[in-house]
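Across the two complexes that follow, chain A remains constant while its partner is chain B and subsequently chain C.
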Partner chain A sequence: MTTVISLLDQMGGTLMFLQKILRTIFFKKLKTHEIFEQIWKVTVDSFPTTAMAGFFVGAIMTVQFGLQLKEFGALGYLGALATSGTFREIGPLLIAFMLSGKVGAFTSAELGTMKVTEQIDAVRCLGADPLQEIIVPRFIGIIVASFFLLAAGLAMSVFGGILMGELFAGVNYEEYLRHVPLIVSPISILTGLVKCGTFALVLATICTYQGYTTFGGAKGVGRSVVTTAVTTMICIVVMDWMTSFIGDILLTIIRGYRP
Partner chain B sequence: MIALIAETLTGLFTPPFRRKEFFQQLYFVGNKSLVIVVFCVCFAAVVTILESSFHMKMVIQNDSMVPGFAALLILRELGAIVSALLLSSRVGAGYASEVGSMQITEQIDALKMLGIDPVNYLVVPRFLACVLGGMMITIVANMACIFSAMAVSQLYLGYTPSMFLTSMQRFVDFKDLIFAMIKGACFGGVIPLVACYFGFRCQQGAEGVGRATTNTVVVSSIAIIVIDFILSYTFSYLY
Partner chain C sequence: MLNGLNLQIREGEIIFILGTSGTGKSVLLKNLVGLLTPDEGEIWIDNEEVSKFSEEQYLPIRKKCGMVFQHPALFDSLSVYENVAFGLRRHYQLSEEVIHAKVTKALSLVNLHGVERKRPAQISYGMQKRVSLARTVALEPRILLFDEPTTGLDPVTTTAVNQLILDLSRELKTTSLVVSHDMNCALAIADRIVVLDKGSIVALGTPDDLKKSEHPLVKDFLAEVLEA
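Right, the complex of A and B next:
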């Protein structure tokens, strides 16, 4: 029972923190310089990680699809299917996992350190609003940077796929890319982008909240980082399902029939 | 890093064997992570089967092969990798912050003073527990995945469980399960090694623990994806 209550407490705390952040974004002056600095920092820091992860994800997807499609002699569709699967689903999911490890844990460690060394209280003492000065730039920075990182990761996944298609399945790159426009529709890409945006929102909220509410020295920082990593991963998987589900319902309503 | 791996591997065969530590760690890895892993993997399986039905309909106009394909994808790839990534954030980050705080509070130096080898005392039981726990968690996660996929295909796609199982039987071998276990064991082995490596090298202060934990999650996730690729590529010649 206590675990359930503490879980609800955490959820409520996170949502109220999100509300505070949104209020700060809309009603107070944005620190444009700091926001751009954060976007740049997050993108540069995580770029190699996401690019590498994307490359290998594309390669894995191609190997797996190649094995199955070989049985049906449908290797012509290999590129299209692997690309579509990566763009719609696996790419955003795995890149969000990477970001939750890299950016989420890093931000929460940074904010946690600031909190336990009382730097955040110092900012407040100087008459500035810590939400406006520290939290909001990171929040916006993570969300904007995640789109750039997603683009980089997906581009690398196509390269990985082409390479493995050539080496493993014997499909050259023209053949690999030929059916892509047939299967990857703008809606697919939009799905991926919406998913990525949702994951980034969840990630940014949780890591700033956990960092901001750290207490108890070095051990507390460690604890809040672990909590961030675990919570973001769970929330990302759940949000993945929810966006798929809600997107499906919305598309059905727009089209007027079930495909 | 390589030195740590070598020391761990020799530590596996040199006494003293710390059985109590091992079971404690196994409890932490296995029982305490099981609920989270199963919960997440179920959601992932639901999304996978819906997506694969979408793609099948697009390419070959019917989705009669979906259960088999989805089961194959779950067993070969999804179950192992999603549960390993979850473990890397839960167990790996936990170990890194634990060992890191031990390092900065000089408990590890105290162990050395007492004549206890920290690798033997800390790393070896964790390594064994993670290998075994990763293997078992992968199996349970795969099972949960297939159950949830079955439920969703019953509700949304209109396949009864028996149709699902029949179609699965055509595609899935016993080999797939073995390979999934091997994958789980390899991923499990990576996590404590990376975590303890960064934990031992933890810098002083609160910032050091945070950085060690972050590095652990990142490096172990990337290592898992790379190892997954290597293993998939190797296994693809064995089917």
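Right, the complex of A and C next:
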């Protein structure tokens, strides 16, 4: 019972914190310099990891699809299927996991340390709003950078797929890419973007909330980092299911009414 | 944490708040500047009841109540100069020349020279605490709240900080509330001393009054001074 109450308390707290962040974004002056600094920092710091993950995701998808398609003599569709699967589902999901482990944990630890060393209290005492000065730049920074990182990761996944197609299945790059426009539709790209935005929103909210509400010294910072890592992973998977489910319903409705 | 606490502070006085760890000394200071909200009770500052104030309403209160935290609480990403200028930029609309003059004056008050461009991580802990003090003093608040200002400082800097509290109080008529464990210092510079235990006041009076107190906790504090 206590666990359920604590979980509901955390969920409520996180949603109320998101509401405060959104109110700050819409009704207060944004610190544009800090926001661009955060976008740059998150993008540059996470680029190598995301690019490497993207490369191997593309390679793995190509190997897996290649094994199946070989049986049916349909290797011509290898590139299109691997790219579609990566763009729609695996790419955004794995990149969100990478960001959760790297950016989420870092932001939570950074904010947690600022909280326990009274830096956030000092900001308030010195006449500034911590949400405006510290939280919102990081929140927007994570969300915007996620799209850049997704683009880089997906580009690398195509590159990894082409390379593995050539080495593993003997499919050259022209053949690999030939059917991509046929299967990877604008809907596939939109699905990937919606998922990426949703995961980034979840990650940015949870890590800033956990960091901002840290208490209890160094141990508290550790607890916040672990909670951030675990909660974001679970929430990302749940949101993945939810976006797929809602997306499917929406597409059925749109297609159903389409003449 | 605090229970039935009733304390009036006079303008311009130096009041030391002593007590064992976890007894609510820092909580008391944080309640005064709205960093914590009391469950019940009232807090009056300059004829205004502030305990129910919103974050925005607290801004003018925080302008006149400067707080020096237990930790240096400096912003890692900013230089020493920018740390000291931070509050000046947020609370007031000042020209860069005025900000420069105020930052330089505040840093020289705490005997820091030539560190303006350094980051907090590049200076010692004692220097960080002095920068933190300079950052608060630069705002020229009428009320200064010190949360263990000398913890972690060497004896020379401790004496300098205590002297600074005394000077600010006497020359600028600043009211100072100092949370400390240092009875020796409290006896030397405080106008009045409050001893807290389990969130309540167990002794309140001038240093001479406290020397005559029969309360066991006060006696323990005084015994430490005598031993030293």
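One rule holds in what follows: the second predicted complex is superposed on the first by the 256 of 259 C-alpha atoms of A that agree within 3 Å, B and C clash if a C-alpha of one lies under 4 Å from a C-alpha of the other, contacts with A are read in each partner's own complex, and residues count from 1 in each chain.
One rule holds in what follows: contacts are C-beta pairs under 8 Å (C-beta built on N, C-alpha and C of every residue); 3 or more make two chains touch, one makes a residue touch a chain.
Computed from a predicted model, the values in this text were never measured in an experiment.
Overlaying the two complexes via chain A leaves chain B and chain C side by side, clear of any clash. Contacts of A:L193 after superposition: neither chain B nor chain C is touched.
Judged by the touch definition given at the top, the superposed model places A:I60 against chain B, while chain C stays out of reach.
Here the apex is the CA centre of chain A, and the angle it makes with the centres of chain B and chain C after alignment on chain A is 100°, in steps of 10.
When the two structures are aligned on the shared chain, A:V230 is found in touch with chain B, with no touch to chain C. When the two structures are aligned on the shared chain, A:A122 is found in touch with chain C, with no touch to chain B.
When the two complexes are overlaid on their common chain A, residue A:W241 makes contact with chain B while staying clear of chain C.
A count of residues in chain A touched by chain B and by chain C gives the higher number to B. Touch criterion not met for A:L177: it reaches neither chain B nor chain C.
When the two complexes are laid on top of each other via chain A, the two nearest Cα atoms from chain B and chain C are 11 angstrom apart. Overlaid on A, the two complexes show chain B and chain C touching the same residues of chain A, namely 117. Of all the residues in chain A, the ones that touch chain B in their complex are 49, 52-53, 56-57, 59-60, 63-64, 66-68, 74, 77, 80-81, 84-85, 88-89, 93-94, 97-98, 100-102, 105-106, 108-110, 112-113, 116-117, 168, 183, 217-223, 225-226, 229-230, 232-234, 237-238, 240-241, 244, 248, 259.
Taken together, the chain B residues at the contact with chain A in this complex read 36, 39-40, 43-44, 46-48, 50-51, 55, 57-60, 69, 72-73, 76-77, 82, 85-86, 88-90, 93-94, 96-98, 100-101, 104, 205-211, 213-214, 217-218, 221-222, 225-226, 228-229, 232-233, 236, 239. Within the complex formed with chain A, the residues of chain C that make contact are 30, 33-35, 55, 59, 62-63, 66-67, 69-75, 86-87, 90-91, 132, 135, 139. Residues 117-119, 121-129 of chain A are the ones touching chain C in the complex.
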